[in-house]
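The structures considered in this document are given below.
The same chain A turns up in both complexes below, where it pairs with chain B and then with chain C.
What follows is the complex of A and B.
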């Protein structure tokens, strides 16, 4: 069942994982998993609890080094991937726990996301050179634009801890978008949101698909089925199905994996 | 006046330089109106302030703790003493301070590389070892570094241009104590402008990001090790400059001046003033310099014996510390700023609420906000929006 989707002469995938195996001690978290995120598509990864979705995500962004397997980003093989290299590869990721910088303002949080576009070095900051100043201004404008796009510009000068959870969630997304990635990894973007907020999120993710490739891990089946172009289903660390939402929905293996499993919404 | 406001609002460097100029004017006025004794006290405040400023960058902005900054000051002080051991030496004093800064920077780089791999109590322990070990170096190389007695610093004559300038401005002679105080405060102003530039720029933002969330900082492309080491280097350089001013002020570099007590004093200054605020570091340094003698004098005036009066100082000092931690947990400057910011946010929210009520709700896509009543800094506790699953 461990199929590696081949490129079959199509466009180069935004991200391709092949034969990825991860063991934690005696437990095999992922076993020969493969998937390819087509450029400009929204690729969902679903599966019951403990299926290895988050581990797969962590492999994709360098938090976990797989025991075997290859990670290929736009045709380039990434041997050793460290998290800080992600931004340079035009990849951005949101975290389940948000990981906002709590003691700087919302605007500064988003500016940190845009930081990869900055060039100025230590001397630029030390002497507050005009060039560094102009660059800072440009970063802040970019960050404000992203805040406006997500309709949270009114919170720019607030601190994250003073904001309600859905707003903080948007701040985390804004920080990732400010990097202007070509591949965006979303880790459970809908958790903790009301159904109205989830609808908005769905529209947003769909619209992002025209600007970048998106890979997302999500529990909420409604959302996944609505926004994803392709879905990979994991169970016990293995790929059990792969295809369009309709194909996956009717796949007997998927139904079996989810049968009895509590699926909210 | 408009031009002035423009510079203030739009240029970071302009704002810092204007503040520096105002600071310099205050320094001149104060130093011209005090005697030699006060001038030396102010010089002591300056070196504590410089070192505390460097430490507040490290601890407040980058989140690393150091119990070893006194030891880094020792490197600066001994460099100054070695360069100024000859009264006829013609090396300009600014070069001496710079060289001392450079030596502490080198040592700080080595320590910083090790520190970047350590966290919390381990980092505290490692830097504590530095604070304890470094005075021993002076004893071990006693013939070169003067052993227990330390090295005497022979201050070169006050430069002629400084004497001339002083005479032109006030018609008086500049005393050596005044000269030393000017040297300390000019060093402080230069250091603070550079530190403030760093704190406001890209470098400072990266330091804060690393402090607040390492994983997110890495995902934004920041290399944690580099950010930590650069913060340590900067604060070590400030400690070196402070050590140099200390040696010049005390006319001595001796191991007894750089014990763990000095490192703890610096940390106290930073905490009293407010972590991460340069102005807080300065206020903390001022408190530590002037509170003990002030309390001792009050004790003496109240009829206590000299010993009793001297015992009063640590007591009051401890009480102030406890009071600040209880009443202003973010430090004097930090707590003031936070309450001002909270008031401003509430006012803005009230104004926005009033405007919203008259014009109607704009659009449907705005997130559902029920946070009007929250101050920045208070954990959000809105019933309908309780976070779920905030594990990572």
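What follows is the complex of A and C.
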């Protein structure tokens, strides 16, 4: 890993992907894709189905290693990003499948997410040393606070399987937030939500943007237009547009590839 | 009446030992899907370590503690050195490695400790206690056995339910990928799981040995009964393992007391078949499809 100054001399991006190419066999899923998530902004990635959004997301969180390209986190080049490094890089992601632990209570699910701050070793916990006890109490309090922030504290002692899908989605988000990331990666957060729930989600993401950088992969146009500061549009694995919601909305390439597509269907 | 009570008490003591062994199997299975056949010889080795110390003049309790401690180390080392390299391979690879370990530990023990029967002391008396003028089949050693297993059970429960490490271990067991994503050091949790399992296994080895004879193969039959107990409990649940162990101990004690001791192995097989036919997920089955 080495440090590189930001090319433009502006603030160092929270996450920068440059020249990312991913091939699966003979198919090029992403071709020389670049984007920069500015610190404290909400950055949306949109595109029609099969445009490469999910692949790009997986590159950003280390699930897919690109064939070429660079991933730079706050000025540090990550030569090889692996999923288990995310927590250490103050990054958190949500999973489309939620990935909640079914047989662990909602509160404990969130505590696991908050855990990277825990320092007590095995023996400390086993012997219930005061330090370990204090840390566990602090973890629990933090987890409860995040649940309260997302208005799901009343489900703290329930098991995820017994909860409706929108609540489980919030639990998954709470777990990501409990790690206190400075960069949050959201994978299709609106899928399966009603339009009212999507509005609430929009407000939430907007409020998160003031505390951390957010990268949002989503196909619900309304939501993306409403909450994002900047948008990157993908089509057939290439960046076809980039800019503010207004710029993107009026971009002819986007209209043709994406919106036009919707209008004609 | 007296025979009934005695049979039940004998079964309870035996069941506690099966429970400890089943618990050791479950602790590893639930997080790795590996049935650790080497659990028996591992416990045998640690019991021999205790015996060596006791024969050298140290107290029973020094030997006892040394056996548990060496179990902790042995479990961790085996996970790191032998199981870890095949972690990404199908589970059957690791299971076969544990079988290889079974044979290896046997052979090593025969070389180091001698391939003969040696007597192992008991911490407490082996005379039946007197209750209301009659002697019942519960010895002080038997009470110690039950109490030791109960203590371990409670400690594990506290560890899993109320500590941070326990939570991380459960998270790693249920979904290692997601746990890793959340920053849990899953590999460490697996090592810890093996270490704890080996401690519990060592305890069962000591309890079976006490007041009896040990030999490199003395734990072998326990694998079968411990495994039946674990299956009874569903192979996933520590509580299930303990209840399974007690159920099996009681059942076998009654078979032995009322029908004849030669039928015990057959009865264990029958119970295993009944459970697998009627309730394949065990008595404590939790409907779930964890891994496909």
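Methods note: the second predicted complex is superposed on the first by the 251 of 265 C-alpha atoms of A that agree within 3 Å, B and C clash if a C-alpha of one lies under 4 Å from a C-alpha of the other, contacts with A are read in each partner's own complex, and residues count from 1 in each chain.
FYI, contacts are C-beta pairs under 8 Å (C-beta built on N, C-alpha and C of every residue); 3 or more make two chains touch, one makes a residue touch a chain.
Please read all numbers here as calculations on a predicted model, not as lab measurements.
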item	value
Side-by-side fit of chain B and chain C on chain A, or clash	clash
Which of chain B and chain C A:108 touches, first, second, both or neither	both
Contacts of A:77 with chain B and chain C, given as first, second, both or neither	neither
Dominant toucher of chain A (residue count), chain B or chain C	B
Which of chain B and chain C A:136 touches, first, second, both or neither	both
Contacts of A:167 with chain B and chain C, given as first, second, both or neither	first
Chain B versus chain C as contact partner of A:99, first or second or both or neither	both
Contacts of A:197 with chain B and chain C, given as first, second, both or neither	first
Stretch of chain B penetrating chain C in the combined three-chain arrangement, among 2-10, 164-172, 290-298 or 344-352	290-298
Common ground on chain A, meaning residues reached by chain C in one complex and by chain B in the other	83-84, 86-88, 93, 95, 99, 101-104, 108, 111-113, 115-116, 118, 120, 122, 125-126, 128, 132, 135-136, 175, 179
Chain A - residues contacting chain B, complex	61, 82-88, 92-93, 95-104, 108, 111-113, 115-116, 118, 120, 122, 124-130, 132-133, 135-136, 151-152, 154, 157-159, 161-168, 170, 175, 179, 188, 191-192, 194, 197, 200
Parts of chain A lying in touch with chain C, wherever the complex brings them together	83-84, 86-88, 93, 95, 99, 101-104, 108, 111-113, 115-116, 118, 120, 122, 125-126, 128, 132, 135-136, 139, 175, 179
Residues of chain B touching chain A in the complex	11-13, 16, 194, 197-198, 200-206, 208-209, 211-213, 215-224, 230, 345, 352, 363, 365-371, 374-380, 382, 385-392
Chain A-touching residues of chain C, taken from the complex the two chains share	159, 163-168, 170-171, 174-175, 177-184, 186, 192, 286, 288
